Each structure stands twice: as C-alpha cells, then as structure tokens.
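Structures follow.
Presented sequentially are two complexes of subunit A, the first with subunit B as partner and the second with subunit C.
Let's look at the complex of A and B:
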C-alpha cells in the first residue's frame, strides 16, 4: 500500500512541478502576488511529495518487500540495515528519485532562503526550477519508475553488489547528487537573469552562495567516492579517470571557475556574461554526467544497467535543458554591458587567467571523455583515452596555473604591482627550499616527481598563508593588532585561504603518493614474514569469520616497525547471495601515510600459503584531507554570505519602504 | 569439511573482484630494472575485455596473458616503443590508454591547448582599451552623502 502511495506522490510531484512553473510564470507576467505565492507553495509541496515517495521506497527496502521489482533486484533480507537504506539509491531508478529529491529540495530552498531576490527574478527562478522538475520527475515517473510491482514476487532478493556494501559508499551518492543538483539553482538563476535582463554585479552576489554550496557538496561527494575506491578496490588507486569520475569532475571544474569569475562580477561588474555562461555550463555538465552514466554509451566500471531507450530520453532532456539555457544565453549575450576596466596585471587579470585554465581543464576532460565515441563513429576503430593521457595533459595544464596561484592572490584590484606581490612571497619561497631539502634528505626511494610535488604543494600552502599574513599585516604591526585583524577578517577571505591550503595539501599528497609508493607481494605460510620499507609484516594466523551476509577468511598480520608493534586483520569476504569474493583491505595509519595490506588468495600445497600484498602509500591521507579542507573553505565562505543575504534582504526592505513613502 | 570451508573454496572459484595481480612474485622478471619497465608499461595498456582498467590493475585472464607477453618481450630485449607497436599491430590502438599522437588524435592532444591559446589571444585583444584613469572625485552631493553615512 505504502508503495502505491509513493508512486502516487511521485506523479503528484510531477504535476506540482508543472504547476510551480506555470503559476510562477503567470504570476510574473500578470504581476500577480497570489499566483507567485501559489507557485512557491507548489514548489514546497512538490518537495514534500518527493520526500514522501522517497520515504516509501525506503520503507519497501527496509521491510524487504520483494514484490517491488527494484527491491527484488537490489536488496536481500540478510543485508545489514544501513545497506538496505543505501540500496534505495544503489540502482538506476532509486538514484533518479534521489536526484529528484535534491532537485525539489533546492527548489524549496530558493523559496525559503531566496528572500533577498527581487520579486520578479525570484518568480522566474522558481518557475525555471519547476521546469527542470517536470523534465526529471517526469523521466523518473514514466521511464524509470522505482515503484513497479512484480506479479510473482521472489522469495529472496538479488542483493546489492558486495563491493557497494560499504559505509562510505552509502553516504557518497547523497553528497554527490546534492552537489550535482545544487548547480540547478545556479542554472535557474542564470536563466532568470537572462530573461529579466538583470545580469549585473548583484546577480553575482545572488548566485555565489548557491554555487558555493553545490561546489562544496560535490567536493565532499567526489572525495568520499575516491576514498572508497582507495580502500575497497584493493590496489590503492584513488582516481582512475574513468568516464563516470570525469562526469563528476566536469561540473566540479566549471563550478570552481564560476566561484572565481563571480568574484570579479560582484566586485568589479566585469565578466558578467562569462559568469552566466559558467553557471549554465556547470549544471549542463551535471546533466551530461547523468546521461553518460545511465545511457551505457561509454564503458565504465560504474555504469548502471544499460538501457538505450532511457539513454535517448536523457539525451533529449539534456538537449532541451542545456540547449535552452545556452540558446537563451547566445540570444541575450550581445546585449550584456562590459564591466569595469582593469590592467592585465591585476586581481581581475589573474582571475581571468584562472578561468581560462579551469575552463580549459573542464573542456579537456570533456574532450577526453567523448573522444573515443567520436573517433569510433568516424573511423570505425575503437580508441582508449585513459589515465596516462590525463596524467600528462591535465597535469601539465594544472601545474602552470597552480604555480601562479599564490602570486595571483596577492595582486590588487584594477592595477597591481606584480614585482611587489612576488617579493611578498619570499617567506613562502624559503619554505619551499627548506621543504625540498628535507624531502631530498628523508625521502626513500628518491623520485624527481615526488620532490617537484613537495615543492608545488608547499608553495601553495605557504603561499596561501603568506597572503593571510599580508592581510593581517603580520610583522608589519604589533602581534595583538594582527590578531585583532585576523578575528575581523571576513569569513569569505578565510574561506579562500583555507580552500587554497586544501589545494596545496591535495597536490602534496597526490604527487608524493603517486611517485613514492612502495609495493611488495609475497606468498606466505603462517609464521612467515615480508618486509616493506621500515616495516616487517608477519602472517601469524588465518581464521574463518562469519559476517551478517558473508563468510570471511581473516588473516592476522603482525606489524613491526619504527612506531612499535601493531596488528592488522585483512579479509577476503565471500558473499553467497552474489557468489562474489571481495577483499577487505587493512590499513595501518602512520601520520599522513598508510601501510596498506591486502590478503590474497589461498594456494594449496604441502602447507597452505596466501599471497600477501602490501603497499607503503606516503602522504595518502592528504589526498582526501585536501579536498575536505577545500569544502570546509567553501562552507566558511558560505557562512559569510548568509549575512550578506540578510543584508540584501534588509536593503530590499528599506528600498520598498522608501518606494512606498 | 565444514560448510564454511566449502564456501571459501567456492569463493576461490567465483569471480575475483580484487585486483593488483601484476605484483604476483611468481611472474616477476628477475631483473628489477626490466620488471620496473614492465610495470610502467602495464599502466599504459588496457585490459581489452575489462570495463576501463589497465593490465596493471586487472585480474582478468586476458590481462594475465598480456602481462606475460609484455614481460617476455622485455626479457628478449625489445624497447618500450617496440613492445607498444607490437601490441598495437596485434590489438589496434584501443590497447593503448595513452593514444599515440597522429592525425586522428591531434585534436585530442592539441584541441584543449589550442582553445586555451585562442581564448588567451581573444581576451588579450579585447582587453578594455580605455585608459585606467583614477576615479573622478566625488561630487558635492556624494560627499555630503558620505559624511552622512559616516556620522550615522
């Protein structure tokens, strides 16, 4: 019964989204406050309806109602509760419902938090968000409905792929989808300002909090997925340049470019058209990603069950939404006024450079992802574009822009003194020299790229701190004055510093881990030892363990090293429901570095032996810590903007009072 | 034999999802420099039957065969380029994860950099030509407004 109610709520949400669009546009056209209000009300109720539908699907999963096809295909009665819940978004149909939940959730958020927006703009934004709802909820309800019943329910479900039964993967999609879909608000706002002809500095201020929220959530979502791959897939890889990873990386890069261009638009009224374009591009990339993942057009380790019919519908949605937005932009862009003047060497100039590189990076990922398709269509031959391509081309592109980042943050608006900015970085440069010398002394084995990575990472971190020190006049004034200045800094400034430190931490971790990784593999009987770096691993026993829905062979590995003895329990788990074996890695964390142990297959012989593989992954933790610091920087910046939104609302209220008198 | 033990043996026959078989000590070349070159090449070669994995990561039988071929060729003294062209002759360009630069892939390699260069030229040529004069001084009304704001 609850399932039928859920299906009904889904259809209801579709109708409400249509009403949300229709009423909002009619309200804008007729300047009718009741119609506008009704449109906003529809947005709120649409969210409630989707939330209800989502809850009913979750109920079906938790109670293992196998008469629902989606539950029968993706769940199992013996699965732990967390994974029953996570299985709701583990399938194509369920994840579309999660997408709809985020879409209507952000629609409701515009209504609740968008008080600072001018009335007309707000109505059009809510209306456009409603149109997006019609497209995506319509797709879910009519082409990918998760509430379909089966006439003859199976006794037991087919269960979820065991490698997906993991707590990090359980929370990865909600963050990822909130990020993807968060850009829908940015998209709707951009379409609304183009329609209303209000592309100006104020627009950048309205768009920035939404872009910050979406980008920070997407950052966390991508990082969770990457961390999961790192410890679950069993060879320590954390980014594979897989088409689906690229699909999430494209909106991330466009969003990062948008955050930077919006600053120029807000502060100087320049780059207005470009900022709107990026706002449209970010969500278009999100939709492109949804299409790539679900159409099966690209071979990927992540692809959902392939269905060409659904793929073509999603392509249609992408064409209508992205094509509509970008077409409107092409039509309106010539009317946009150029903004404030600035010299090439200035904060604006530096942010333009940032945008050139970030936009090129997004383009490169898109070209690399789609190239095999186009190549095959033209030549008939398949082509691979994989990690070695990106490591070279993308690495080159990023190295250039990251090198100038610390200088860029020190340039002043309009016209800057480049020499002065470079001179202010003397302390950062000295730190780099020291760090490189230290890395050269301590690193074993020595690799040039790892040391270059240390140099770049430390340059970014020290550069970000130098900018902060300059801002609070550390050393140029008394210490207490500097502390006072620090506490009075706007949170957006601190957010920027933090996010830039996060980039440095990531670069440091990624370069050192990729180039300094040590690996051993040895077949051991119990009692035998293998050495890796400064550590000795002894396989001291193997036992059989019964899990909730798996049986595991568990090794006891004793670790001896500089930081004293320790013990690790890597496993091989067999899931009878899927007839799959999955390795459960054991990780011994040493500061920022990981000792990563994988328990391999059993080899029969006079005495049974097992393949033990171990990796020393130096600075691996920084790879995941860096992006979390970036997201934290985004959140800090966002907390500043909230005050601004209130200020904006007060200003609007004041203007209205004034107009009334 | 217990049920659990049988289950584990069954597991050994089931699909492997763990990877990283390239490091299996039984297959490694005795010369560490050659083994290093082999491992480096493995990362550039696609496991043709897998979704999107290099033969360094994959445990598929085909990846195992490809690793054996690469190691064998390196042992017999072939250069990296020779190994690559041997594999391309056999399996097509699809086998390389880093596509070789030729007329068909020029757009892939140079396209984004070309767009960057073109965009940089456009931005430079369309930079505002107006002189960056200092802001005009405040009008008396503006001055008065400022004083008012300051005092409030």
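Let's look at the complex of A and C:
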C-alpha cells in the first residue's frame, strides 16, 4: 500500500512542479502576489510529495518487499540495514528519485531562504526550478518508475553489488547529488536574470551562496567516491580519469570558476555575462554527467540501465534544459550591461586568468570524455582515452595557474603592485626551498616531477598562509593586535585561505603519492615474508570468518617496520547472494602515509599459497584531506554574515520600511 | 601605440583576445598532442589480426576468456587466451586478476603485443558485475555473430 502511495506522490509532485512553473510565471506576468504565493506553495508541497515518495521507497527496501521490482533487483533480506537504506539510491530508478528529492529540496530552499531576492526575479527563479522539476520528475515517473510491482514476487532479492556495500559509498551519492543538483538553483537564477534582463553586482551576491553550497557538497561527494575507489577496488589508485569520474569533475571545475568570477562581478560589476554563462554551464555539466552515467552509453560501475530508450529521453532533457538555458544566453547576453575596464595586473585581472585556465581545463576534460563517444559514433571503432592525455592536457594547465595562485591572492583590486606582491611571498619562497631540501635529504626523490610537486604544494600552502599573515599584519604590529585582526577577519576571507591551503595539501599529497608509490606482489605460503620499503610483511595465518551476508577468508599479516610491530587483517569476502568475491583491503596508517595490503587469490600447490599485494603510498591521506579542507573553506565562506541569506532579507525589509515611511 | 584601436571598448576586446587566445591555443595544441599517444583503440583478436597492430603499441584486446586456458604460475604471472570465436590471442599478465575474472566470461585487457606475438597486458579491466559484459566486447561479438545474450545486449532492470 505504501508503495502505491509513493507512486501516487511521485505523480503528484510532477503535477505540482508543473503548477509551480505555471503559477510563478503567471504571477510574474500579472504581478499578482497570490499567484506568486501559490507557485511558491506548490514548490514546498512538491518537495513534501517527493520526500514522501522517497520515504515509501525506503520503507519497501527496509522491509524487503520483493514484490517491488526495484527492491527485488537490488536488495536482499540478509543485507545489513545501512545497505538496505543505501540500496534505495543504488539503482538507476532510485538514484533518479534521489535527484528529484534534491531538485525539489533546493526548489523549496529558494522559497524559504530566497527572501533577499527581488520579487520578480524570485518568481521567475521558482518557475524555472519548477520546469526542471517537470523534466526530471516526469522522467522518473514515466520512464524510470521505481515503484513498479512484479506479478510474481521472488522469495529473495538479487542483492546490491557487493563492492557498493560500503559505508563511504552509502553516503557518497547523497553528497554528490546535492552538489550536482545544487547548481540547479544557480541555473534557475541565471535563466531568471536573463529573462528579467537585469544583471548586476547584487546578482553575484545571490548566486555565490548557492554556488558555494553546491560546490562544497560536490567536493565532499567526489572525495568520498575517490576514497572508496582507493580502498575498495584494491588497485591502490584513487583517480582513474574514468568518464564517470570526469562527469562529476566537469561541474566541479565550472563551479570553481563560477565562485571566482562571481567575486569579480560582485566587487567590480564586471564579467557579468561570463558569470551567468558559468552558472548555466555548471548545471549543464551536471546534466551531461547524468546523461553519461545514466544512459548506458558508458560501461562503468556507475552505469546501471542500458535501456536505449532511457538514454534518448535523458539526452532530450539535456538538450531542452541546457540548450534552452544557453540559447537564452546567446539571445539575451548581448543586452547585458558590459562591465568596467580594468588593469591586467590587479586582483580582477588575476581572477580572469584563473577563470580562463579553469574553463580551458574543464574543456580539456570534456574533450577527453566525449572524444571516444564521438569517434566511435562516426567511425564505429571503439577507443578509450587514458590518463596520459589528462596528465598532459589537464595537468600542465593546472600547474601554470596554481603557480600564480599565491601571487594573485596578494594583488589588490583595480591596480596592483605585482612586484610588491611577489616580495611579500619571500617567506613562502624560503619555505619551498627548505621543503625541497628536506625532501632530498629524507626521501631522495627520483624524478623531477616529484620535486616540482613538493615545491608546488608547499608553495600553495605557504603562499596562502603568507596572505593570511599579511592580512593580519603579523610581525608588522604587535601580536595581540594580529590576533584581534584575525578574529575580526570576514569568514569568507578565512574560507578562501582554507580552501587554497586545501588545494596545496592535495597537490602535495597527489604528487608525492604518484611518484613515491612502491608496489610489491608476491605469492606467499603461511610463515613467509615479503619486504616493502622499510617494512616486512609476514603472512602468519589464514582463517575463515562469517559476516552478516558474506563468508570471508581472512589473512593475518604481521607488519614489522620502523614504527614497531603491527598486524593487519585483509580479507576476501564471498557474497553468496551475488556469487561474487570482493577483496577487503587492510590499511596501516603511518602519519599521512598508508601501508596498503591486498589479500589476493589462493593458488593451489603442494601447500596452499596466496598472492599478497602491498603498496606503500606516501602522503596518501593528504589526497583526501586536501579536498575536505577545500569543502570546509567553502562552508566557512558560506557562513559569512555578508552572504547569509537572512542578512539579505533583513536588508530588503529595512529598505521596504524605509520606502514605506 | 598607433596600432592600438582608439575606443576603450575595442581595446578591451583586443586585450581579452590577446589574453585568451594563447591559453586556448595552448589548450588545443596540448589536447591534439596528448590525444595522439593517449587514444587507445579496442580490438577483438580477429580485428587485431586484420589491422596488423604494430608491436609495442598500447591497445585494448577484448573477448571471452577461453575455457581451460588460464594458467597461473607461482611467480604471480597469469597466462590465458582471449578469443572472439574467430581468432585468439595469448595474453600474459603479471598481477592480481580482478575478482570477476572467469573462464568463459568477457574480459578487456590493455597492453601491447610482444615480438613473439604474445599480448602483454598491463591492466586487466575489472568488471563490476557478473551480469555485465564489457560493452565493447558485446558489440564486437554481436558484429561477428557470436553473441549469445539478450537481443538488445542490455541487462533488464
């Protein structure tokens, strides 16, 4: 019964989204407050309806109701509760429902938190968000309905793919989708601004919090996925330039560019058209990602359905929404007020450079992702584009812009003194020299690339700290005065420093890990030892353990090394429901570095032996810590009083009272 | 100085082009250059034979793992045969096979042919689901008339 109610709520949400769009547009046209209000009410109820639908699907999963096709295909009665819940978004249909939940949730958020927006702009934004709802909820309800029943329910479900049964992956889609869909608000705002024909500094102030929230959530989502790939797939890698990873990376890059260009629009009233374009591009990339991942055009762990009909519908949605937004931009952008002139050596000049590189980098990722698809469509010859392409095309662009980053943050608005900015970085430069010398002493890096990586990472971190030190006049005034200045800094400034430090931490971790990784693979019998770096691993025993829905072969690996003895228990888990074996990696964390052990397959012989693979991944923790620091920086910026939506609402209220008196 | 346009608007446009063009140009040049080495073609064994894939060039070979062909050496090396039912390739791989590697099932390997004709795989691509046949393999098998799966090649949801 609850499932039928859920299906009904989904259809209801579709109708409500249509009403949300119709009423809001009618309200804007007729300047009718009650119509506008009704549109906003529809947005709130649409969210409630989708939330109800989502809850009823979750109920079906938790109670293992196998008469629902989606539950039968993706769940199993013996699965732990967390993975029963996570299986809701573990399938194509369920993940689209999660997308709808985020979409209507953000629609409701515009209504609840968008008090600072001018009335007309707000109505149109809510209306556009409603149109997006019509497209995506319509797709879910009519082409990918998760509530379909089966006439003869199976006794047991087919269970969720075991490699997806992981706590980090369970929470990866909600973050990722909130990030993806968070950009829908930015998209709706940009479309509304183009329709209203009014773009100014205030627009940038409204866009920034939404972009910050979406970008921070997306950062966390991507990091969770990358961390999962790192320890679950057992390949020791954390980023594979897989088309599906790229699909999430493109909106991230566009969002990062948007955050920076919106600052220029807000402070200097310039780059307005470009900021609007990036706002449209970010969500268009999100929808492109949804199409790539959900259409079955790619094969990957993320690609579920291979139903070609669904792919065509998703492509149609992408064409209508992204094409509509960008078409509107092409039509209306020439009428936008052009921004002021500015000098090349200035904060805004540096931010333009940042945007140019970020946009080109996003373009490179797009070329690498779409080229194989287009090539195969034309010639019929399948091909893949691997890491070497991205390392060169993307890596080089990023290296250039990151090198300039610390200088750019020290430039002042309008007309800056580049020499002065570089001079202020003397301490950072010294730190880099020291760090490189230290790297030579301790690690003896083999490649020039590793040295450059260490130098760049330290340069970014030290540069960000130098900027902070300059801001609080550390050393130029008394210490207590510096501390006072620090506590009075706007949170958005601290957020920027934190995010930039995060970039540096990531670069440092990624470069050291990629160049310093040591790998061994050896077939061992119990009692035998393999050496890796400074460590010795001994396979001391293998036992069988029973899990909730798997049987595992568990190895006991004794670790001997500079930091004393330790013990690791890597496993090979067999999931009978899927007839599938999955290795469970064991990781010994040494500071920022990982000793990573994979228990491989058994080889029969005179006595049984097992393949043991081990990796020494120096600084691997920093790769995941860096993006989390970035997201934290984003969240800190978001909490800035200037950006707080309530503050905007108060300002509007004050203005209205003033106007009334 | 006289070469610069007089109106500030035109100057600004010129400036924008002067800054953006080299970066975009660099991007395009990089993309073209990097794509030359990084584009990896996919062949089935019979296609690889027909195309005379040069030794040492990185390609992907995909097909079915021939039944009874998998030999695992104690040194961790694995040998197996990939077939598309028309031609076969001997493959050698050093490392741990993906959890779903099985005889008679689809596989995609990336590597290069050695001078003795053996395909030395650097990667054996993991398949994530036992229902899942790598798309390239399924398409190639369908083309050669060896497909024995659902007619549309899709798994039903």
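As a working rule, the second predicted complex is superposed on the first by the 649 of 661 C-alpha atoms of A that agree within 3 Å, B and C clash if a C-alpha of one lies under 4 Å from a C-alpha of the other, contacts with A are read in each partner's own complex, and residues count from 1 in each chain.
Please note the rule applied: contacts are C-beta pairs under 8 Å (C-beta built on N, C-alpha and C of every residue); 3 or more make two chains touch, one makes a residue touch a chain.
Please read all numbers here as calculations on a predicted model, not as lab measurements.
Undergrad: Of the two partner chains, subunit B (first) and subunit C (second), which one does A:93 touch, if any: first, second, both, or neither?
TA: second
Undergrad: Taking the superposition on A as described, I'd like to know which of subunit B and subunit C A:414 touches: first, second, both or neither.
TA: first
Undergrad: Who does A:605 touch here: subunit B (first), subunit C (second), both, or neither?
TA: After superposition on chain A, A:605 lies in contact with subunit C alone.
Undergrad: Return first, second, both or neither, reflecting whether A:553 touches subunit B, subunit C, both chains, or no partner chain.
TA: Once the two structures are laid over each other on A, A:553 reaches subunit B alone.
Undergrad: Which partner chains sit in contact with A:73 here, subunit B, subunit C, both or neither? Use first/second/both/neither.
TA: Second partner only.
Undergrad: Which partner does A:356 contact after superposing on A: first (subunit B), second (subunit C), both, neither?
TA: both
Undergrad: Looking at the overlay, does A:308 come into contact with subunit B only (first), subunit C only (second), both, or neither?
TA: After superposing on A, A:308 lies in contact with subunit C but is clear of subunit B.
Undergrad: Which of the two partners, first being subunit B and second being subunit C, lies in contact with A:579: first, second, both, or neither?
TA: Both partners, subunit B and subunit C.
Undergrad: Taking the superposition as given, does A:32 touch the first partner, subunit B, the second, subunit C, both, or neither?
TA: neither
Undergrad: Touching subunit B and also subunit C: which subunit A residues?
TA: 163, 233-235, 299-301, 338, 341, 344, 352, 356-357, 360, 363-364, 367-368, 371, 375, 381-389, 392-393, 397, 521-523, 579-583, 598, 600-601, 611, 613
Undergrad: Note which residues of subunit B are touching subunit A in the complex, please.
TA: For subunit B paired with subunit A, touching residues are 2, 4-5, 7-8, 10-12, 14-20, 23-26, 43-44, 46, 51-54, 57, 92-99, 104-105, 107-109, 111-113, 115-116, 119-120, 123-124, 127-128, 130, 132.
Undergrad: How about subunit A: which of its residues touch subunit B in the complex?
TA: Per the stated touch rule, the residues are 162-163, 233-237, 240, 242-243, 299-301, 303, 338, 341-344, 352, 356-357, 359-360, 363-364, 367-368, 371, 375, 379, 381-389, 392-393, 397, 414-415, 519-523, 544, 546, 551, 553, 572, 574, 576, 579-583, 598, 600-602, 611, 613.
Undergrad: Can you list the subunit C residues touching subunit A in their complex?
TA: For subunit C paired with subunit A, touching residues are 8-9, 12, 15, 19-20, 23-24, 26-27, 30-31, 33-35, 37-42, 60, 72, 74-76, 94-97, 99-100, 110, 126, 128-130, 132, 134-136, 139-140, 152-155, 157.
Undergrad: Under the definition above, what is the set of subunit A residues touching subunit C in their complex?
TA: Its residues touching subunit C are 69-70, 73, 91-93, 161, 163, 233-235, 296, 298-301, 304-308, 338, 341, 344, 352-353, 356-357, 360-361, 363-364, 367-368, 371-372, 375, 381-393, 396-397, 521-523, 578-583, 598, 600-601, 603, 605, 609, 611, 613.
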